[in-house]
Every structure is written in structure tokens, then in C-alpha cells.
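Order as written gives the chain letters A, B and C; numbering starts at 1 within each chain.
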Amino acid sequence: MRDFISMKDFTKGEILRILKLAKSLKENPQGNLLGDKIVSSLFFEPSTRTRLSFTSAAYRVGAKVLGFDSPDATSLKKGESLRDTIKMTGAYSDVIVMRHPIDGAARFATEVSNVPIINGGDGANEHPSQTLLDLYTIQEEMGKIENLKIAFVGDLKYGRTVHSLSKALSMFNCEFYFVAPDLIQIPEHILKFLNNRNIKYTLVDDYKDILPEIDVMYMTRIQRERFENLDEYEKVKTVYEIDKNSIVGKCKEEMIILHPLPRVTEINIDLDDTKHALYFKQAANGVPVREAMYAIALGKYHLDEDEMDVEKRDSISAHEEIQCKNNRCITQIEKTRNKVLEENGIKYCYYCGREIK
Amino acid sequence: MRDFISMKDFTKGEILRILKLAKSLKENPQGNLLGDKIVSSLFFEPSTRTRLSFTSAAYRVGAKVLGFDSPDATSLKKGESLRDTIKMTGAYSDVIVMRHPIDGAARFATEVSNVPIINGGDGANEHPSQTLLDLYTIQEEMGKIENLKIAFVGDLKYGRTVHSLSKALSMFNCEFYFVAPDLIQIPEHILKFLNNRNIKYTLVDDYKDILPEIDVMYMTRIQRERFENLDEYEKVKTVYEIDKNSIVGKCKEEMIILHPLPRVTEINIDLDDTKHALYFKQAANGVPVREAMYAIALGKYHLDEDEMDVEKRDSISAHEEIQCKNNRCITQIEKTRNKVLEENGIKYCYYCGREIK
Amino acid sequence: MRDFISMKDFTKGEILRILKLAKSLKENPQGNLLGDKIVSSLFFEPSTRTRLSFTSAAYRVGAKVLGFDSPDATSLKKGESLRDTIKMTGAYSDVIVMRHPIDGAARFATEVSNVPIINGGDGANEHPSQTLLDLYTIQEEMGKIENLKIAFVGDLKYGRTVHSLSKALSMFNCEFYFVAPDLIQIPEHILKFLNNRNIKYTLVDDYKDILPEIDVMYMTRIQRERFENLDEYEKVKTVYEIDKNSIVGKCKEEMIILHPLPRVTEINIDLDDTKHALYFKQAANGVPVREAMYAIALGKYHLDEDEMDVEKRDSISAHEEIQCKNNRCITQIEKTRNKVLEENGIKYCYYCGREIK
């Protein structure tokens, strides 16, 4: 039994073994791997893509799925705590996939659950299956993950996906370009993280100059609601839209375009039929990756425990007196043990991952 | 692989073979026919009956089902196009059943999907599984489809069901009575269609005179929202309500009453226990008919391609310059190739089927 | 085939055999018991816990599940009657589990359905699977059901769960304490029922004096919306909250605390890790109990018909002239036969169970 809460919980060796298992399941489907198991799919916040992908993955390894796709039809309306919902659902199933709007909800769930928890996204915090499928697609298409030049384009400030993927790629010595207007550029704490690991990166506000250099172009959606000034939104939106004309023939032959989807206008559909367009295949790769996650969560496949980052785990400690200040943190809502994670002398909330000042 | 978008795509021979396959599946259930397949059930518009019937059919041939039952919990809210939703879902499943409020949505889906599409109703346009189960029930109960006298009663103007079934029955040389008040009588384009095929029909505003003649009485619901004048609605509503007293002993012994359901007051429940009441059996027949559709869509059974109306298909062509004028057509929303279908010198939109003037 | 509508339909012997079957299914899972069957799960009113538990139970005996989790996405919006929804759904499945806000809806459904009905709660009336899992848990934990002292605490006036369980326990000669403020004390008709069976009971407004005596403490949630005066609610709420401090060491060693869940504040989470806290195990027991219900409903296991209370059944008769006065009764909504049940000279509505005066 193993939970999937954050990429931080996995070493480089473990990540590579997860991707290898996913590849094996993609090439040799195992329809009876989890034949007698039941998956709880708890979406406290709607997310069709993630939900259907996890369901498809469950079916493909022979599991059954129950749950809810939005909180409207749940006992939450009667005031039930996440604690009790998780305890109850654990009695009805063998593994829980959960999506929740509150940061740290998934980590908290592991403390009260009798069955493994797979985090399908907890607020602005973590979404490990997305990062794993991104890594999987890069490895499958580029033949490796190491030493690539990767541009992240669009909303880099709020994009949980970008934060998580860039941290994970830092294990593989990749070099980054962060392409965004100042307002939504990559946050300082990510840069600090990369600095600590001696990762090369460059911040730019246009992709044109760097386009010939990069191996992977990771596009993200710019959300109107992030902008106070709508004129600025309209200006920025256009700058970060790509199409056939702006890409084909101007980038490396083998450059791939990724996107966590859904896209709106940032990738023109005229790119869809080009060889660079990998975003739909990327979404499809979510299925074998999630099959692998189920297999590991339910103990059908064991990651080598030797490589676990035991030191980091040992540094976790409960400090009753330290309360995380993040208003969107589960510690503000549920009774937890206020655990703190220390790294390089800095304290982070064990649940939501935010620095505690 | 074969899509089910419109009855127009099937020849008479093909229709009969679909019904035969449905009969065979009803009599000899094949629980493992699609054992390793996944059905996407995408209801962009709620429809319990159609959805549950397609799900039951999938289960009965051994398939698994994922999807959504209303658009509330989907990425559509984030602005995702139908194009991308279909592409994504195709990666998670082997066949897509879709219900959509926009005319032509299903046809458009076939152009972007990697997996077969089954139309579970697209706006006011087509709902082929309903027509097939209507035909199935008529054949099973009357022993034939040819040369029957069929009365359509109620809302004939807006009833997609009536339009589609009357066109399909025209292949079988049936004779029609269209029983409705002027305001909601059968539209001119259906009559033109029947005229072109030399089909006999009569328009009446009361069923009493024709009741002794008919073999099938196809009832439909009169929807209040169609009427600007509620007094008129109340008057009309009562005229087109039938009950035991108005039917039994006044029609042929073997006459059957059909209804696409849900009914409200147009068929009194005192008729439910009479031998004429076939509407619940008709709904039940939706299950084997949809099993057959899955089997054909997924290539487990092949319709004889010789009989395909190849000529009609060849006449489809993309005219970039011709834009369909139907405000509810998918061509107004998604980027399509504006294809046009020509028949007897008239141009129809390939997607929504409306005449392009 | 056997319906599960009300505990009244089962003799003591039958109840014990249901619990025995549940125990057997818990100890020896039978994943293929209902392998080819389809369950309709119709939640006309949301209830996550009950729904997921019935779904989990179906999966564990090999059945498939279709249906809806709230009425929002159903044809009910088009005005479809419960009668027709049940008839339709029966055509798509082998057994129907239904939750409905109207009293008597489940009993009515048995009259129009071709497949067995399992009542997952009908308004304020009955919820037999809850009572069965309560009995199951008591038997499993205490080793017996007979001759126990049981305290019901909290909202005893509106709590369907309490009414049903106390009646069922009266077959086992248990003694009751009803612990509640006057405003929400146990209703007169329950006391009359117990009096008729010579059951000992005591009404108190605090649990402290009786705590050392009792074997089972059955807690319930006090709902704010029951109170006109919110000050009174706040006062009462606190009185009926228990925690580690108020319970541990002050009750019998083997006393168990039950709760139908969801709880809000009436049981402090500091009790969760004590041996008295049985409420999560109680919820988990819902799964094997519901497996047993499916097995019996679908004729895989037969309760001994000899023990059926045939006399009671014979006393049911249709009195067209007697209309139940309960505004929330299904007889006010659907066309029924207005059946009446007579017991000890008192007339009860056959559907909603209310006395007809």
C-alpha cells in the first residue's frame, strides 16, 4: 500500500519505476490485475478529464468504480467532515481517488483513511498524476527526460501543473525557459527551489527568440479571472497564442508541444494535425500512468523501498503550536496535528506545502 | 467500425439487419460480446431514459461505462470545445454515446473522433436509436413493417421522433395519418419528402374517424411551452388525450399504441393494462436495439457494405463558402468544413440536415 | 423475489436469517453471486452514504449498477410520474434500489414494478437497510440482540432510524431509554406500539444517570431546522454532545456507541479511537447487510416462507373511499388503490404507515 499525494514523496528512481510500469501496462494491458477491487472516486470539485481518466484506468485493470462527480449530491451538505467522509468511503472501497478544492486535503486524508489515497488534485497544491503523465509523455516522445530544454508558456504564477513539473524535471537536470508576462511569471519560491539544485533557467516574456532552442514547449491556459485589468488580459492573451504559422518551421523538427488541457485559444486547432502536437496523446497517456498508480497503491507492484527518501520523512514532526497561515489549508478546517516539514532550515506545512513564516 | 448518426445513413436492408441482430441479442443474450470494451456516455443534456437504456445495453453485452449525465460537472464550463472533449474522451474509451443540445453535434463528432460515435439525440435533429426501437417494436408486434397504417398523434411539428420515424417508415410503404391541430401539424419538409417517395398520407385534426383503420397509434406529448396562448394549449391538450373508454372496442383488435415516453396526460394509465398498450415494451426494446448498435459500432457484427447507399455518400462535399443559417447548428459553434449534402438539387447542411437556402 | 420496503414485513425469524446471511457474506465474499444482474440505483433525493454502500454491496456480489444520484438529471423534470419511472427502470435492470422524499413511495413502487424493490429510505417513513445494519452491528458486537438496555439519544421525534430500530428491537425484548428534550422526544405512537408489546422504557432528558446501565448508546444528530427558537437549539445541542471525558470510565466496559451518520458535533472525534466507538464499523456493516438484501431480493437465497406473518398480510385491503391525510404520502401524488392496513382495530395507510383517523 502506497499513497500518491505529492511528487515530493517520490525519489527519482521511484519515478522512473512508475513510468516503466506505466509503459508496461500500456504495451501489455492487464485486464484482471485488480479484478476484485473497488475504487472510490471522490470529486469534491468537478474535473471531467481527471475523473474519466482515472475511471478508464480502473476499468482497464479490472477494477470497479463508485463515488460522486461533484459535491452537490453528498452529505457534505449535512455538515459532514472530510474526516468522516474518508473513513466511510474507505469502508466501501479498496482505494480512494480524491479531488478537493482545499490545499492539503489529500495529505490529511491519509491520516484518517484505512485505504490508500491517490490525490487527483488538492486546491492549488499538488496533482501528482498530471506530473507523472507529463514526464511519461516527455520520456516516450523524446526518448529521455535528462538534459532537455523546456519552455513553460502562459500562466506560470498560478499553474500548479507548471510548479510541480518543473520541480520534478529538476531531478533530471533539465534547463528551463519561463515565458510569461510579469504579472503571471513563475513565483520566487520555485526559482529558489531551482537555485538550491543549481538548475539553469531563464525568464523571458516572449517565446520567439528561444523557440529554435527548445525540446518541449509546455503551454498553459491564461485565465481571465487572474487579471484585474481586462485590457491587459486581452493584450497578454494574444501574445501567448500559438498557431501553425508561428511554430512550424521555426522550431526544432522534433520539438513537442504539451498542454495539461483544457485549452481555449492558446493553441490554434490548425496545429492539431502537426507532428508537434502531443497534447492529446499526453492526455491519453494519463490512462496507463493511472493504471500504474492503482497497481502500486494496492500493492500489486512494489517500488524499491531502499530508494525512499527516508531522511526527509524523518524530518516531519507535529508542532501543536504552529498553525499554517494559508487560509485555503485543510488545517484551517479539520482537526489535524499541525505537522511541519523542515527543509534547509525552512518550515513548511506538512499538508498544504506552504512555507510557515 | 460504424457510426450511428442519422437514419439517413442506413439503407432498408441495413435497417432490417440491425433489427434482426437486436432480435437475436434479445433472444440469446451475449454477456461477453464486448467484454473488454469501455463506453463513454456523454450527456451534454440530461436524458435519463436514453442514458439508462444505453448503459443497460452496454452492461448486457459486457461493456463498462464512464461519462457524465449532465454538463454541470464538465470542463465545458472552462470553455472546452466539443472538438477537444470528443478527442479526449476517445482516448479513454472504445465508443462514444453522446446526447447534445446542438443540431449536428454528433455528425461533427465523427470528424474529430478516433472511436465510433453513437448519436443519442442531437438537438432537434436526429435520434436514430429511438427510430430503430420504434421500428423493432412494430416489427415484433405486427409481424412486419410493410404496408401498415400508422397514425401519429399530438405534437408533430417539433417531434424529432415523428419526423425520423415517418421518413424511415416511408421505405416500407406505410400509409400515414397525421393527427394534430394546425399549430403543431407535421412540417412541410416532411410532406415534401413523402411526396417524393409517393407515400400516401392524410392530415386530420381528430383521431376518432380514422381509429378503426389504423394498425399503429403513435402518441406524443404536447408541450405547454410550444403555445403562446395557454387557453389554446388547454383546449388542445384535452382533445389529444386518450383513455380506455375512447380506444378499447373502437379500434382494431391488434392495434398497438406506441409512445416515445415520458408521457404526461396524453395516455391515461387506465390503458396500461390493455393489450394495446405497447409503450413500456417499446422502451424495453431499446435495450437489445442498443446492444446491436454497440456490436455494429465496434465491429463485432458487419452490416453488408454492398447495400450502403454509396451514391448518397459520394454527393457529400465541402463548400467552404456555404454557411448553414440554422442558429442551433454546430457549424455556428465549432470550426467545421461546412460540408453540404445535395439531394434532388436541394442543398442540405451535412451536420444539422437543414435545407440551405 | 422479495421486496424490502419496511421492517414490518419481516418476522423475527426472517430478520435473524437475513443477519446470518450477511455474516456469511462478510466472512466468505461471493464475488459471482449475482454476476449477470443489473441494479438500478434511483436516488430521487441525494444520500451519498446509502447510495455508495448499496453500490459497493452490488459490486461485491458481482452485480452492475446504473441509475441517478439526484433528480436533477431525470425525466421527472418533464413531469414523468414515479409509476412510469419505475416501470421504465424495471425494463433496464433486475432489481431497483430507491430513495425518495415522499412517504410510501417504495411501497407504491412494488405495485407497478416487474422487478423487486429495495427501499433505501422513503421520506420520514422507512429505511429498512439502516435498521438491519444496526441490528447486525449490535448482534456482532454484543453477541446477541436479546435483553439489552439501549439508550436512544438526541432527536427522537423526527428520527426515522430510531423509530424503526426501536420497533425492531421490541421483538428481542430489549429495554429502552429515550434521552431527549421534550421538544424532540419519542412520539406517542411509538410508545403505544411498545406498550402493546409490554416493552419496558424510560423517558429522560439527560444520559448521565443511566450511562452506567446501558449496553448500547444510539446517538443521533439534532437538526437546527427543527427548532423555531435558535437559543433553545444551542442549549440542547450542547447537552447532547458526548466526548471522551463524558463517556470513558463512566459506562460499562463493553458499551458500544452507534450513530447512523453523518454526525456533526454530537460525538467528539476524541471518542473515535476508543473501543466504544462502533459507528464507522456500523457503517461498514451496511455492505454485507445490503449484499444479503440483494441476494434475497433476487431469489439467490430464500427466507423460510413458513415464518411469514401471513395473517398481517391478509388484513391488507383496498378501501377506495379512505384517503390518507398525510400530505407527504404517495397517495396524494400517484393514483393508488388507497389500501389500508388494520391492526388492533386501528387503520394505517398501507403506503406511508400513518394512522388514518
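Following the convention adopted for this analysis, a contact is a pair of C-beta atoms (placed from the backbone, for glycine too) under 8 Å apart; a residue touches a chain by one contact, two chains touch by 3 or more.
A quick note: this is a predicted structure, and the numbers were derived from the prediction, not measured.
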| item | value |
| --- | --- |
| Subunit C against subunit A, contact positions shared by both copies (same if over half, else different) | different |
| Angle, in degrees to the nearest 5, of the Cα rotation that carries subunit A onto subunit B | 120 |
| Whole-Å gap separating subunit A and subunit C, where each centre is the average of the chain's CA atoms | 42 |
| In subunit A, residues with contacts to at least two other chains | 72 |
| Sites on subunit A touched by subunit B in the complex | 31, 43, 46-49, 52-53, 55-56, 59-60, 65, 69-70, 72, 221, 261-264, 269, 280, 283-284, 287 |
| Contact footprint of subunit A on subunit B as seen in their complex | 36, 38, 40, 64, 66-68, 72-75, 77-80, 83-85, 87-89, 91-93, 335 |
